[in-house]
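So that you can tell them apart, the chains are marked A, B, C and D in the order they are listed, and the count of residues begins at 1 in each.
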Amino acid sequence: MDPRHFAYAFSVRLHDTDAAGRLFFGHLFRHAHDAYEAFMAHVGLPLDRLIREGEILLPLVHAEADYHRPLCQGDRVQVVLAIDEIRARSFAVTYRFETHDGTLAATAKTVHLRINRDGSPAAGLSDEIRDAILPYLHEDRPQ
Amino acid sequence: MDPRHFAYAFSVRLHDTDAAGRLFFGHLFRHAHDAYEAFMAHVGLPLDRLIREGEILLPLVHAEADYHRPLCQGDRVQVVLAIDEIRARSFAVTYRFETHDGTLAATAKTVHLRINRDGSPAAGLSDEIRDAILPYLHEDRPQ
Amino acid sequence: MDPRHFAYAFSVRLHDTDAAGRLFFGHLFRHAHDAYEAFMAHVGLPLDRLIREGEILLPLVHAEADYHRPLCQGDRVQVVLAIDEIRARSFAVTYRFETHDGTLAATAKTVHLRINRDGSPAAGLSDEIRDAILPYLHEDRPQ
Amino acid sequence: MDPRHFAYAFSVRLHDTDAAGRLFFGHLFRHAHDAYEAFMAHVGLPLDRLIREGEILLPLVHAEADYHRPLCQGDRVQVVLAIDEIRARSFAVTYRFETHDGTLAATAKTVHLRINRDGSPAAGLSDEIRDAILPYLHEDRPQ
């Protein structure tokens, strides 16, 4: 795998599915965020520390997903995460959801904005954040 | 309805069900807690205020449910909530889940313990809590 | 309200929030879909019937949301739903999430594609679907 | 670990927590069921196959949990699963939730009843089920 990617695996569980027999679309975002949490811990920015310290607040301001193939209970899924864009005060993360045979089931994207404690946009992303995520920025986006 | 009961209604949504076509058992507790939140707001103890003020902490220490009939997407459910027991530092809440034709689909129970900020058990439930929930205590439990 | 809009209300519950104290972004999609389910039932296309009959399959192929203001436990939210676009085999639904004082907290959009039982795209949306949702199509999108 | 136990690990994610900063109690059941799904696949009874074939239906008829210590975002949790009881038509599964330092955070129990397709109780658990789970039955329950 491209070293600028971060991989995270999960199994589709019964509670992920709905009566139509496939992953309920909204739960894809839960798994995307699980991958994001694992990624942030991997690059030294575990969310529990960020939330506890309260210095770096990075709420999501945008999320989107495209669904290509249904995911069903028991499917093993690999999430390939990459940084899509780094801007002055925000960054975008992309996610590819692939089943074990390499089939692309879905893609997703989340945008995180750094804000101050009062909710106003921060002056900028800190160097700590930029340095941590920069190695995962790539021009050939996974989408 | 018995005035010692509090009623809360919801519809079973697609995301509540799983690939077996019925409510995923764990989601019953989400709906039970929704009823509890509505009840606590009704008796003047809205959870958002309690959590924000941090003076009264009432974490769940026990939860249980019995499932009698499957609940399916589109079902309209009435939750009948009552106080089952009030003890020195805790109280128990019971829930009956009935479909619109009065069929009992499930029952549940949650036990809430008052703790101090450091996590140790509190000296006792406050008068504020006791007075608020006492009118809903009954000897004929809804289960 | 504009008659081409459909309204749906909910309260932000404790389980909707996360340790950062606000609605977990992924749960917005659950509430959007609740509004969509209520809308579909309102226009005579209840999802439980569609799934049970299996003739009309309308899986989501795209979802997106923008988050403007945090939503917190206890907030009463009104979802204003409208049809954004009707195409040959798909339609798009938009959602505005407003708190009781009219503040716009978030917007969302979902795209639903009609497929055949084997998963291939259907020849077209049926007249039944088109007629049901057309009254909610508008040029001034809620976003 | 006792060979009659089955272990399953997970991390507490942001969406598992609520505004009170700890695991929302209802989500414990989701994780218990994830462990149960992994266990059933391990003993040759993957739930996706059971649901697809429709011959063996094992809905939950009871669930309960006791909460000893709060679980917070980032906590690594090990679930130790065992079979607590095997009866004519049902079996009970117990779960211990331990943090990485061995602290007991919670216990849970689920009871699964074999039913026929029409919802009536089955004549009995099949030999296939009994043989698969028997090695995990123990007299010293994990609770």
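Criterion: a residue touches a chain if its C-beta (ideal position, glycine included) is under 8 Å from a C-beta of that chain, and two chains touch if they have at least 3 such contacts.
All of these numbers come straight from a predicted model, not from anything done at the bench.
Two copies of one chain, chain A and chain D, touch each other, and the residues they use overlap strongly: the shared fraction of interface numbers exceeds half. When the interfaces B-D and C-D are ranked by C-beta pairs in contact, the top one is B-D. Among the other chains, C has the CA centre that is most remote from the centre of chain D. Inter-chain spacing, taken between the CA centroids of chain C and chain D, is 34 Å. Rounded to whole angstrom units, the spacing between the C-alpha centres of chain A and chain D is 29.
Mean C-alpha position of chain B lies 23 Å from that of chain D. Multi-chain contact residues of chain C, defined as those touching 2 or more other chains: 14-15, 19-20, 22, 24, 26-27, 30, 33, 48, 51, 72-73. Residues of chain B that touch chain A in their complex: 14-15, 17-22, 24, 26-27, 72-73. Those residues of chain D whose C-beta lies close enough to touch chain A in the complex are 11, 13-15, 30, 33-34, 37-38, 41, 46-49, 51, 72-74. Within the complex, the chain A residues that touch chain C are 19-20, 22, 24-27, 29-30, 32-33, 48, 51, 57, 59-67, 70, 110, 119.
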